[in-house]
Amino acid sequence: MASLLEVHDLTKSFGGFSALNHIDLVVHRGERLGLIGPNGSGKTTLINCITGVLRPDRGRIYFDGEEITSLASFRIARAGIARSFQIPRPFRSMTVLENLCIPLRFAAAVKMRSTELEAAAREILELIGLGDKATASPLDLTQIEMRKMELSRALASRPRLLILDEVMAGLASSELDEMLAIFHILSGQGITIIMIEHILRAVMNFSQRLVVLDAGRKIADGSPGDVIKNPQVEKAYLGE
Amino acid sequence: MKKAALLILAVTVISGGLLLTAYIENQYFYFSTYIVLQYIILATAWNILGGYTGYVNFGTGAYFGLGAYTAGYLITNFNLPLPWLIVAGGTSSAVLGLAIGYLTLRLKGVYFSIATLAMSIVIATLIINTPALGGAKGMYILRPKEVSFFSNYMELLFATMVIIAVFTVALAWFIENSWFGRGLAAIRDDEVAAACNGVPVLRLKVLSATTSGALMGIAGAPYPYYISYMEPLSTISLDMAVNSLAMPLIGGTGSWIGPVLGAILLSTTQQVATVTISSEYNLLIVGILLVGFVILAPNGLVGLFQSLLKRRTD
Amino acid sequence: MLTLDLFVNAIVAGILLGGFLAAVSLGISIVFGYLDIVNIAHPAFVVLGSYAVYILNSTFGIDPLLAGIAMAAPFYLLGILIYRFYYAFFERHGAESLRGLVFFFGILFLVEVGLNITYGVDYRMVNAFYLGKSIEIGLVGIPYRLLIPFVAGVAMIFIVYLYLSKTFYGMAIQGVAQDSLAARLMGADPIKIKSVAFGMGMATASVAGALLIMISPIEPSMGREYIGRVFAIAVLGGMGSVVGTLVAAVLLGIAESLTSTFYSPSMAPAVSFGILLLVLAIRPSGIFGR
Amino acid sequence: HAQKPLKIGFSMALTGPLAQAGKGALLAMQIWAKDVNDGGGLLGRPVELVYYDDQTKGANVPLIYAKLLDIDKVDFIVSGYGTNITAPAMPLVIDREMVFISLFATAVNQHFNYPYYFQIMPAGPNPVVDWSAGFFEVAARQNPKPKTVALLAADAEFAQNAVDGARENALKHGFEIVYDQSYQMGIPDFTPIVRAIKARKPDIVYVMSYPPGSVGFVRAAKEVRLEPKIIGGSMVGLQYTSIQMNLGPTLNGIFNYWFWAPEPTLNFPGIEAFLKKYQAEAPKQNLDPLGYYLPPFAYAYLQVLQQAIEATKSTDQKTVGEYIRQAEFETVVGKVKFGPNGEWARSRMLFVQLQGIESHEMVEFTKPGKMRVIYPEKFRSGELIYPFPGWQ
Amino acid sequence: MGARATSLKTLKWKRPTLGNRIVVENIDAGYGAVNVLHGVSMELNAGETVVLLGTNGNGKSTLIKCIMGLVRPSRGRIAMELDGETIELTGKRLEDIVNYGIILVPEGRHLFPKLTVRENLLMGAFRMAARPHIARNLEFCFEAFPRLLERKNQPAGSMSGGEQQMLALARAIMSHPRFLLVDEPSVGLAPILVAHLFEKIKELKERRDLTILMAEQNFNQATKIADRGYIIVEGKIAFAGDRSLLREHHLVKKYYLGA
């Protein structure tokens, strides 16, 4: 498998506190990668660095062979990396549907008429199960619906690499299964997915490989079965 | 369809404006509409950055003043014709818009607003200390004696302002209905999310700031001929900054028509008050008007009309 | 002409002026910094305070500073009234704070017109036995006209700082605009809290008004001269930091004083607002901004 | 039967920064109108003043005059107060060939060269230079002769013009300029500036400032003990009663330009009667209670118009304009004759030294002997106390 | 830490409870024209822990918001019995309800983003009744979530998602609740913390005779401490019963224990 995303020696600190410590990470083309770690271990920070929201202190990031370190976020998005926000960041003045049109037009850069664009957006909403909220304002969504909108919006940029930051938080077990099925379909379409999630069942079901962060360091990287038995991971993440 | 209707509207306004100059002799008409048109341009220009992009600019006076002073300088030193003044005034303010765009667009919210305020004070101070621009003593601008096509120079200025205003409003309409405008709306709502969804945030912001600045400079370019005597403190005034912000807010920031309505309403009232009430009560009226409108039409006049229409159809 | 004597005096004058400017800006710091209410009329209220002080001083001969402090109570109530009005017509409908700006600009006009109609546009000044005198400490001469505003300004900031950081109500004032639902979840009534904060901001206007009229003559529209400055100071200090406000005001005071003494007084505003731009370019959220 | 009124139109600063002066001027003009109408009107027609508040904003001026001329159809126009307000009216005035008498605009006609422009402030044919000529002439006469001058001017139109003239006059009399700076309007404190001036040890301090600045400067100068041989110049505001009452004895020794004072040498015909009417009304409107500064001139510039209309028995602009160009007028501010550029043919700037002020009471300033005219010789009513005795 | 924990445990700060409870009777509620809850009744008795179950969008949060006065029911009533006295909650303002000691940890956290962690916690003790207990509650919070102590001077807005969730809960504890309403306490928390969290809630409850209502999707963890539960389906109570019955219910099996 060829690598799609490579992260070398990524380091980031806030004031005196170091949130990421020399992280190396490779994500292969078409892979389903689970990224876990205790709260505050730096998962979201890592994603922020990859997507250009934060500027890393040191280290390099390559996507599809090209260096993207510190590139403007919109270029990274256009290159094919989409992410959801753990704490949702909707465009508040737009409807849910219009929220999706932005990445369709700007990141996926599809040349379509607005009607076609809207149809494409609607299709994504139906897939995620937000179809009936298409014309609602994001302000009227529940937290969970908001996360689903985040997911839909990420999908709308037609990414090659999709990074999901806890989009399933708060779902009941049956809903998890529906969601996971969708991710498997996406993965089947060739989209590489990094999933950050604290719901172990979902992560185990989904991931081909598991990477664990703790206190800004990578402490494990391997097959889910192995990683989960790793005593360090058990101590830092699983408890029990 | 709608596009065609608007195009016809624009052409009608322009040709109507030109026709008027053949019939109306009364100079008061031209002087007072000049100011209204000037505010239509300024309010619309402000709204491109302030309304569409969400960056509240307190520096209207500086952009306007820079355009006016550029024109004034070119008139007194090179006696350039009006179209060139407009190009030059627009360009210099566009450059200022660009510079401020880069410098301050990393500033958010109030920090941006105050930076623009600071900028306009710095620019006023620099003009005060520049003898070539007349400094604090001011600058006299004599109108050309001869005008072709029009019977009076003021008519020419009026016609020019009609054309600029229509152009400005058309540009605002275009921005609003294009992907540029939608990108700006995304930026206004959430910059980080916009960037992560592929919106070239910095580029659009700078473009928006530049466009807005250029239009304000263009509005300022004919001003030296209107006023004949310019001095920095009254040319770069806070009044202008607040007016150009109050007008879109009163009219409605969401669409191109809002600033136009707000500008017409507010500047007409101010002028009518000037020649009718003409005392302290003048300010009282303007004060009450400002307070009253933001209270009565919380979503601007456009919002008010919309909700009235809705009520009727319901 | 750089002499030690001039230099030291310029610094001292700058610091003194800074204390006064901080007092004038304090209300903005509270109301704009914490409540996100763009009270552009604050300087006009400061002038209103000056008039109140002027009346008390010229009719009863009350010391201007005492008059300013005495008027703080009615100003506090006036503040509460204005906030309630603002709340009823703006905040309640979730209107953006920008619309409030237009509202307060209207209020600014109304205050000016009110003063104009009642007192005319003549310049007003106050008398007190200490005005016009100064103390000499070595090289430094300190006029009481500046010293008293400085001391009063700093004291006022210190009190407000203590209140904001050490009391629950103060903390609630700091938090309420960030998430008013959050405040309610703590059992704090946002309207009440904002009323108190707005009232406080207004009360500082009365004291600042006393300081203003001690320093220079006033007329109804004089507040406009201060709009740019006070917002610049509040922002330079970092929104919602009263200590920052003092530091920023002193910084600008010193910058203007040094420019006036050693370069050109005419460039003083360009220098101080240039500093503001520079600081913002380096620290986009001001000196003490969070 | 009643004649059609003769309308005189103008804009006036009734709000904004110059409103205090503007309102005083308006009152004087209304007194003039009443006087004229009580005397049977002009050419048998009652006069009517048509005016609008320009809010001290030049941008309002063109449209106000357009309204006056095209809608109100006034017979004559005069200017509002100051350069900023006068200049923007000029294109229209010239276009319509109107007679235009202006109230305290500085050197406007230098740019327009319009034959029917006249200006009532007695600055003289070369206003910029003539304004301060007297001050420096007096200074040069003193013994021991002062050697150095400090110039400080506000960053605004009038002061900047004045400082150009002051510079020229200072050099003409052989003074050395050791300090020459401007300050921006609205600064709250002058101590750093005053200290910088003091450090240059000038013999003369010549200040061109507006009212708040004048007060700020005087207070700071007193606190810092800036005590040169001559201090004063062109401080606007020291002539205002409210400021005089506040500063009181602090004013003693200041040598400043003046327009009118209750000195015996300035007892022009009609001035006393005018001031009486003015002072009866002023307190009701919160105006300057004494009104020595601008109001007599606002009365006088209409007197000029009145006398020209009466003499020519005409309302034709050209006829009236030509008459004003050559005639001499007897007004409450003395004899007025205009030169070719519409300014006074000869400067009559007064320089007075404030002397013997003992209290903060208003009566103090109504008595002769407190504002001694030192210059010009023709109106002299006292001697310069030299050097400046120091602050009290 | 261990030593301190035990010393704390001996130090109970209970207050007398005379059958304090909250009763919801037959309410309808919704947003605008959309009705979300249809004739919902439930009760919350002193000292018990009740869990609300149901999949996304069925009205759990809406029910909690109704109790807090954030959503006004269009029908039915909500009342609280406090020390033998009945207090109508319907129509009361949120602030007043909070002052009765009913404290909510809302979905979406609603922290003060620019205040520090410490300041957020202190704000929790804004209501008068909580002030005397600040020191003890603060100690409990820092002991339960040491991360908060580590970061006590960090602005809340820059904390990680999970850390913010801890803070939201801790802040509610600072309010010294009688009734604690928590909307999805475990959202965004790592497994190690989820277990820890429920332990802490349990501990708090035991020490303080706290009454707890929570909406929670982590069925296994929630039922470790819950005494009873309701299942809400499409705005109606589909089932109410105690822990053991809940486990057996077919809806639970379908939603939570499937596969």
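Lettered A, B, C, D and E in written order, each chain numbered from 1.
Rule of thumb we're sticking to: contacts are C-beta pairs under 8 Å (C-beta built on N, C-alpha and C of every residue); 3 or more make two chains touch, one makes a residue touch a chain.
From a predicted model like this one, the values you see are computed outputs, not experimental measurements.
Fewest steps needed to get from chain A to chain D, stepping only to touching chains, is 2.
Common neighbours of chain A and chain E under the contact definition above are absent.
The most distant chain from chain A is D, comparing centres defined as mean Cα coordinates. Among the remaining chains, D is positioned farthest from chain E, on the basis of C-alpha centroids. Interface comparison, C-D versus A-B: the higher number of contacting C-beta pairs is recorded for C-D.
The most centrally placed chain, judged by C-alpha centroids, is C. Distance from the chain C centre to the chain E centre is 43 Å, each centre being the mean of its Cα atoms. Distance from the chain D centre to the chain E centre is 77 Å, each centre being the mean of its Cα atoms.
Centroids built from CA atoms put chain C at 31 Å from chain B.
Across the assembly, chain A contributes no residue in contact with two or more other chains. The set of chain B residues that touch two or more partner chains comprises 125, 128, 280, 283.
You'll find the chains touch as A-B, A-E, B-C, B-D, C-D, C-E. The touching residues of chain C, counted against chain B in their complex, run 32, 38, 40, 89-90, 93, 95, 98-103, 105-110, 112-113, 116-117, 224, 227-228, 231-232, 235, 239, 264, 266-267, 269-270, 273-274, 276-277, 280-281, 284-286.
Those residues of chain C lying in contact with chain D across their complex are 1, 3, 5-6, 9-10, 13-14, 16-17, 20-21, 116, 119-125, 127, 131-134, 141, 143, 145-146, 212, 215-217, 219, 221-222, 225, 256-258, 260-262, 264-266, 268-269. Remark: chain B residues 179, 182-183, 185-186, 188-190, 192-202 touch chain A in the complex. In the complex of the two chains, the chain E residues touching chain C come out as 93-95, 98-99, 103-104, 106, 110-115, 119-120, 122-127, 131, 155, 171, 175. The part of chain C that touches chain E in the complex is made up of residues 168, 171-172, 174-175, 178-179, 181-189, 240, 290.
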